[in-house]
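Before I ask anything, let me first share the structure, which is written out below as structure tokens.
Chain naming follows the written order as A, B and C, and within any one chain the residues start at number 1.
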């Protein structure tokens, strides 16, 4: 059981990240590399605030907000300064490395002695009964709230416009709306969620480490692609649910690789498992290419 | 439909391998001698860290706990990936090992975090500053069921040694990676002791390997000699630095044996294998029940040793003082190609 | 009223590929006009539409709508008054959204896209009515994704969507060219109906000479950035497709093909 629990913990926390990446990659069709910087950004601000004695609960909205700012920066670089999408992400990712160092103060901030949302919850009698399940339960609550809010948002008028801009930006312009601003909005929301994931991850691992963002985009993309392609035909399931499950499956792949193979082979095995999942789900590029014509 | 079926089989298969993986490792508790099972989580693939691991197993062996006989080792490496490091730590905890050996700071932190909920002790090594990493209190006592060894550099001794070899050198250059917490704290310490000895530390911070060449050129115009930390990024580019420094006839000091082997003039430094052995012995005590991790202070290398390279000295036209060489742990008379 | 005054437009200026398209080009569309624009490829028809909408920048000259100079106005702002249907049916709809969601999106044009519910239940009946006009049965598929519809169905929706809110000008950019003849006829008929009903000032670029002659009250033929033929309602009635074809051939001979 405990194997399943730790996979769920990690999968759920990275599920928040997957929701963020889903917005940019699937909805906006924007390969956003900012996440490699905004994930540790959320962690850095969380570690800094918690060591300063700020309530761990408060770090959640603050991380989200600062992630939003990072996303806006990427958006402005791309939309207003007309830098290509990949490049604007790389620029922000690079800049955030230093910003994260400044925020956290050093490259490694441990939080063993401090309170986190998880340790606070275990003091609460309601949660305390859950024992080892506590981390999983809290992660689940956070990711489900994020998912529901995102689902609701995507059903609003503003959400409609966001979905439209990735699909067909010409239409958005025809609706007398500046598509650039909508893209910035999407990047802001996405990076807000990613930073929030960083915040929760940092509290769960009880440490901020500057290098913790490396490869975040790979995990995020893998989760989104696994999730959306595995459950493509399952119309009862929302894409937002699918990407969270995708994240859990990704972590399962990694766990299987850790468990059964030598350390050197780890990454290769993960890659192969990832590939197998994709082949089985028969991934095809579904988007109509004609739209860009 | 076929695909869905395949997909289902795959998922079930994955879960099965997980479960089988754990059930098959149940050891036979019926045997006479107790068999120990430990997990090793190492942060990255790296020469010094590998030496630590080998030393650790050697240390255990010296205390009668030998791999293949009465010891089972699960070794995991997280390839410098934090999220992987966390998952590995969880995995080791779930495998119910008797002890986790964590090599390097991030691994030590994730291992301690994962083991906190259980009674599995964590023994770390190659953590430069256990206090800053929140693994030990200011007085060196443990914060929990965790202890280990620090690879903190003998900075004061290093500066004294450098002063003895090059009495006229005033400006000492150090290159380090700004993202490595260990390097940052080492720089602080260098500055502190340098001030006491009326020396001047010229630092050059880099972000990644590609910055090294430029930073090195800049630094070499301002200094009388260079010294190294155990900074991962800088050390892996040491050949480049040595090459540039040699062209300007500027001596480069190292911080451990490997660096002296490949062309640093001298080092008052660490032998990571020894550090590992020391850690292994601590772990043995814990495994045998002779001591508790929570009651053990973290240790540093008992005494630093002098390492020198006479070929480098000859090339630079420097003679290494005899009172250093006669007590040297190891002297090299040629420059080895770097690994 | 749309006025284009002294328009200059060069492509790839300063390079060997420099190509002058418009040189001192003047063109006026009066309120209530339905102008059919024809011409060979590269004659400047679509470029003219793009200049009016702001999709491509102007080198010099003025574009005036209802007496107001909009030459510097951003593209998206111009669409407050303009509706546009493209040749490619995918350009006017969102494939990953449902018919209902697409209609709601278009229905909100000109208003704030805030955090209120995306589709208003009260408007569903209205959307059904609108869709039923198309006679394509779309009103019963409100929850289907638009990406699953055929090109003709999408183009019909695009036309509905672009004219749903109060606009003054309708820009039709070869909007029947990608459709099969039968669907094209239906769309063209519908276009005419909507234009009359809403009294829209319309510019329609088309390659279909029959439509150009049958619909609208003014006919313009463009060639090398100039309007070489401009017939008003009366003259147009007396013009046959053959007359236009003759003129076309004439141009082709001048160009040398």
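As a working rule, contacts are C-beta pairs under 8 Å (C-beta built on N, C-alpha and C of every residue); 3 or more make two chains touch, one makes a residue touch a chain.
Only a predicted model underlies this, so the values are computations on that prediction, with no experimental measurement involved.
Nearest to the common centre of all protein CA atoms is the CA centroid of chain A. Highest inter-chain contact count (C-beta pairs) belongs to A-B.
Across the assembly, the mean Cα position most removed from that of chain A is the one of C. One inter-chain figure worth recording: chain A and chain C are separated by 41 Å, centre to centre, where each centre is the mean of the chain's CA atoms. Look at where the CA atoms of chain A average out and do the same for chain B: the two points lie 32 Å apart.
The distance from the centre of chain B to the centre of chain C, with each centre set as the mean of the Cα atoms, comes to 69 Å.
The touching residues of chain B, when paired with chain A in their complex, are 3-4, 6-7, 10-11, 14-15, 17-19, 21-22, 42, 45, 75-77, 79-84, 86-88, 90-91, 93-94, 105-106, 109-110, 112-113, 116-117, 132-135, 143-144, 178-181, 184-185, 207. Contact residues of chain A toward chain B in the complex are 2-3, 6, 9-10, 14, 97-98, 101, 106-108, 110-113, 132, 201, 204-207, 209-212, 214-216, 219, 230, 233, 249, 251-256, 258-260, 263-264, 266-267, 273, 276-277, 280-282.
For chain C in complex with chain A, the residues that touch the partner chain are 74-80, 83-84, 86, 88, 90-97, 101, 104-106, 108-110, 112-118, 147, 162. Listing the residues of chain A that touch chain C in their complex gives 153, 155-161, 163-164, 167-168, 170-179, 287-288, 290-291, 293.
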